[in-house]
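The structure under discussion appears below in the form of structure tokens.
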Amino acid sequence: MPITKALETHIDHISILDEHGSFDEALGKDLIPDEDLLKLYQHMVVCRKLDEIAFKLQRSGRMGTFPQNMGQEATSLGAAYMLDDTDWMVTCYRENCGLFWRGLPMEKILQHWMGDERGNQIDRKHYCTPIAVPIGTQMLHATGLAWGAKYRGESQIACTFFGDGATSEGDFHEAMNFAANLDIPVIFFCQNNQWAISVPTSIQCSAPTVAQRGMAYGVECLQCDGNDIFAVAWCMKKAIESARDHNRPVFIEAVTYRLGDHTTADDARRYRDEEEVALWQSRDPLKRMRTFLESKGLWNDAQQAELDEHAEATVTAAVERAESIETPSRDDIFNWTFADIPEQIATQRDTMRTTSIGQDPSQIASEQATTQA
Amino acid sequence: MANLTLVQAINLALVQEMEKDERVMILGEDVGLNGGVFRVTEGLFNRFGGDRVIDTPLAESGIIGTSIGLAMSGQRPVPEIQFEGFLGPAYDQICSHAARMRTRTRSAFTVPMTIRVPVGGGIHAPELHSDSPEAIYAHQPGLKVVMPASPYDAKGLLISAIRDPDPVIFFEPKRIYRAFREEVPEDEYTVPIGKARTVCEGEELTIVSWGASVVQCMQAIERSNDSIELIDLRTIYPIDMDAIEASVKKTGRCVIVHEAPRTSGFGAEIATQIMERCFLHLEAPVQRVAGFDTIMPYYKLETEYLPDADRIEKAINEIRAY
Amino acid sequence: MPITKALETHIDHISILDEHGSFDEALGKDLIPDEDLLKLYQHMVVCRKLDEIAFKLQRSGRMGTFPQNMGQEATSLGAAYMLDDTDWMVTCYRENCGLFWRGLPMEKILQHWMGDERGNQIDRKHYCTPIAVPIGTQMLHATGLAWGAKYRGESQIACTFFGDGATSEGDFHEAMNFAANLDIPVIFFCQNNQWAISVPTSIQCSAPTVAQRGMAYGVECLQCDGNDIFAVAWCMKKAIESARDHNRPVFIEAVTYRLGDHTTADDARRYRDEEEVALWQSRDPLKRMRTFLESKGLWNDAQQAELDEHAEATVTAAVERAESIETPSRDDIFNWTFADIPEQIATQRDTMRTTSIGQDPSQIASEQATTQA
Amino acid sequence: MANLTLVQAINLALVQEMEKDERVMILGEDVGLNGGVFRVTEGLFNRFGGDRVIDTPLAESGIIGTSIGLAMSGQRPVPEIQFEGFLGPAYDQICSHAARMRTRTRSAFTVPMTIRVPVGGGIHAPELHSDSPEAIYAHQPGLKVVMPASPYDAKGLLISAIRDPDPVIFFEPKRIYRAFREEVPEDEYTVPIGKARTVCEGEELTIVSWGASVVQCMQAIERSNDSIELIDLRTIYPIDMDAIEASVKKTGRCVIVHEAPRTSGFGAEIATQIMERCFLHLEAPVQRVAGFDTIMPYYKLETEYLPDADRIEKAINEIRAY
């Protein structure tokens, strides 16, 4: 046979709780206990509240740019929920919901977007890495972090999060390829939220799925409804097994939608239709979860009212904490460049406001002495 | 004549060059319908269509690498990199290919491409949105590096860059994108690459600067009682040393102001060439007011990092007193 | 259905003339006329002779590093044969056989590896780009070249060549992704020769095929026996159609083998088995072609003897031409940096041996005058 | 003590650090069974196994990016980039991440990583195998940049680099990989990062150089009748200006020699700091003997490009006669 099949393959799409409220028992049963479901839902609501308040803070000049999570809460949260507490979460900047689940204090995120590096001074016990501004670069760090754990014989894995846009960067390819070929336990979790600022996913990936990006490396690829926390959890379960037990990376595409602007510096009305937004609003993971909980008799309006209040209070308190942190000192510009600050930098620090030289100011004096001599 | 911001002047230059020359194409992230995150390419997508104003995948090496191919094929690509901090992924295509193609092929292939990049600090942006990497590219042979400090120059230099037969990195100081307006002729004109501009004349001290810092230099000069000459470099490479030499030979004193880290910044090159050319005319060491040898801080501290009129004034006084 | 198929796909492997001499009439008939077959074979033999002579030149110090084509002649040649003369061939450094088919003078290649930029001063009529030293970078140029042609409404396409190792670089990913999403007519032609210097393909790509790299972008992916010029031609025909008529890129993996060292600076015995080499020697595209031609009565020993002589003479003449080219002048270092050489570079050129300054030497004089004054 | 080449000295340092510290891992292209294209890692794969000496996919950004992750996780990666011309694809990971991680996270995460890179011209290699990009990385805050000029220093500096808590780019001048041997102690020792070495003392002129060019400087000094002090920088950043200042204050004259292009090369920084610190001691402008503002030529012309003893001698004479 001159034409033979060198490979046959396919991609599964997972959906458990769909936008019409139908729930697949076969896959969904026992995936998430009811008490956890309640916690997860409450968590999402708090995170959504942060989006609302952060937006106002930015508009009133109390914060810089802020990227909202709105519409995508189920993705990072579903993933964080399934991971062990000591697995690395290597995120981008649109995973607040998952990070808070990890215990990362909300004021850290606020502080970061308020222009203070200490927001990224994350206690290592959270196993979270700093916000990654350059798109597509952090997957390599995730690969290295997981590799390090594997090297030391630890069972820790890494899960790295990124957008549809990030999959266009070369580093994404290199990270997946390293993980696949060197057997490194990383889960590559793509939040396909349909947009990279103003550029639609079709320009990042014109293939039928983003999930098939992973086929290039021979790793398992899964696509799921990213607004369905059950589907996310199901995929994560499979992926965690594959990574933890077999050192095999997995690629997950969670199909979701960025309900808000790209950041508070953006105005999405310039480039996308109201209709599209409305359609996705009907698929909102918060609504879906609430309806589901209500249908199970686990939730009611009174509880919601209480939760809304709690969310407002939680976020407001975090904002207060963030705003009450003292401004960093000028010296901080210099003191973190190296473990030991070289003389040259120390001099720049010590003279930054007293002389323009940035060199040992005694030089000026001595030179002047010489001049006069 | 119209009273334009720097953003508007650049937009106008792009429109005029695209109308004049079918080979000109704009490509980058969000440059299409959205008009760029700074709105520099606003209106171009509607005016020239999606074949000439192209939203690309989010991949800087891809943007520059395909632009090199486009240029080799006879087009005049004007790729945009969204912020100077994202030049990094494209560094290899810029330095290993764009800069070398003419030398490598003895002009059989050339890369007439203008890379537009917003540059510098001071807009309260996140990390990697506030750097000043001009010295990096000035050290790479085969590249021209341009940074206007005014709307008039921005338009004229950009037109020169697009028409230039070699690759040009066109840095746009984002702090002054909309900081002030200037009369800008509606007709096309060029400002030559490689020629500095004397912003104001003086006899006692020369300040050399470029980009957004020129504004701070002017503030410091206004405060000072000394007679100070201000040279806006406009082009980093090839540098207009003749202009600097003439000025420093006259004044005998020089202060260089730039945002980039001090060590190995372009100020060092200028100071060294001044020493080489004006040694016996110098009354004091050339002084640098620059960023520090540290990562540009997040925005709570960014004004401490950027050279401001205070620091420039101190330098003037120190050098005058030397 | 909670688990649905988001995608089903496969990869075809093409083989027409196999290593045992069996020929598939269904696919192979009329693909290459007999007279062309003869020319192609002769061409391969000449190219193989160049490898042999270049190796000796390097060993005797008459040339720098040289990368042999040995074992891979059918790949670039089969591709070049199928392309139009005005389609771009954007190569790496192991495609001599295809480039000579294009009419690129052999002395150009020699001159390049003798350390002279003028070897890359390629007449544009050949539609070949210079040798690409940084691995994986040239596919982006191919994409741009094809894009330019498409923009101008020309029917020209580009075919870019690269090794298995190159597919690990981020630029490879970005090039394929641009081509796929912006509908640019480029053929991505991977010569999978099993090695990247000392690193086996399994470390570059542990997936069952390299061909599936293309699946990430939703483009057509083909795998063929790269030592079978018919299979290469068959794939190219399909790919050219797709690119030229539909602006769709195609990814081709040609499975072949580097019979020689990586370059003359390498010693492959350090890292690979003799057995593996012997196996692939039995699959040598030259042997296969000769046997086929003989079986069709198109070739005999006398013709071979004549061809061997012709090959030796051709290569020797090219070497003579390359070696008789005058050494480039010192000024050449400077004169090609820009279209117009800036004053500073001109001064460096004019003073490089007369003064160390590299600045206007008149400065020295005038400064000295001042000193004395 | 053994009489070792620079390659052997580096190999020895790697062996000793790997034996001492389990966290040390080597990764790169062809570093495994093949022992690296320059055989610097020869024998390590057999000795330490494939978990610690890893042949990676052919992807420089991947090598550095995963090394950053390894370092963040507590390892001490020593990635190799095969030639300095292939640092380009890794530029972004080096400058946007490795250099910034400590500052960005206020030391919550750090990147103790040593990037080994063969550097410089003179070995008759193809394009992009002969460059000298040290000034590029010296301009990036957060990186240390080291370049030994002798086997003894190579071993001691590499051990310091591997133990350093911050990222170090360790440039290995390939022209002198095997050019000469030197007594190298078998015991481990360190040479501190940030301290220059006075190769020979002199009274009339100071030469500052680094890497392979130190050899050409010594040739020029041997030819000269003047009393010349030669300083081998050893570390580019942080620079040992105290050593240079002391020397130039004594001699009053200075020549800087480097292979990289002249404009914005690290020579400019040194010359400028000399002016800042020794202005009134200078008898002549600081002189640079450097590569040119052109692409490093292919090997037929490479010796014309590289600073040789003739050009250094001319500089000495010009500056002495000034």
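Letters are used for the chains, namely A, B, C and D, taken in the order the chains are written, and counting of residues starts over at 1 for each.
The rule is short, and it goes like this: a contact is a pair of C-beta atoms (placed from the backbone, for glycine too) under 8 Å apart; a residue touches a chain by one contact, two chains touch by 3 or more.
Here the structure is a predicted model, which is why all the values come from computation and not from measurement.
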Inquiry  = Let me spell it out: compute each chain's centre from its C-alpha atoms, then which one is farthest from chain B's centre?
reply    = C
Message = Centroid from C-alpha atoms only, then distance chain C to chain D, rounded to Å. What do you get?
response = 34
Ask   = How many Å are there between the centre of chain B and the centre of chain C, using C-alpha atoms for each centre?
value = 38
Mean-CA-position distance for chain B and chain A (Å) = 34
Query = So which stretches of chain D touch two or more other chains?
reply = 56-57, 59, 61-62, 85, 88-89, 92, 96, 103-104, 127-128, 141-142, 239, 263, 276, 279, 285, 287-288, 292-295
Task = Any chance you could list the residues of chain A touching two or more other chains?
result = 117, 134, 168-171, 174, 177, 181-182, 203-204, 332, 337, 344-345, 357, 367, 371
Task = Using the contact definition from the top, classify how the chains connect: line, ring, star, complete or other.
result = complete
Key: chain A-facing residues of chain C, complex   = 2-16, 24, 26-28, 168-174, 177, 180-182, 202-209, 211-218, 223, 231
Remark   = Given the complex, residues on chain C that touch chain B span 117-118, 120-124, 129-130, 134, 137, 140-149, 151-152, 170-171, 174-175, 177-178, 181-182, 332, 336-339, 342-345, 357, 359-360, 363, 367, 370-371
Inquiry  = Under the definition above, what is the set of chain B residues touching chain C in their complex?
reply    = 25, 51, 54, 56-57, 59, 61-62, 64-75, 77, 89, 92-93, 96-97, 101-110, 141-142, 144, 165-166, 194, 238-239, 241-242, 273, 276-277, 279-280
Ask   = Can you list the residues on chain B that touch chain A in the complex?
value = 29-30, 32-35, 37, 55-62, 85-86, 88-89, 124-129, 255, 262-263, 287-290, 292-295, 297-302, 304-305, 310-312, 314-315, 318, 321-322
Query = Which residues of chain B touch chain D in their complex?
reply = 61, 85, 88-89, 91-92, 95-96, 99-100, 103-104, 127-128, 135-136, 138-142, 237, 239, 260-261, 263-269, 271-272, 275-276, 279, 282, 284-288, 292-295
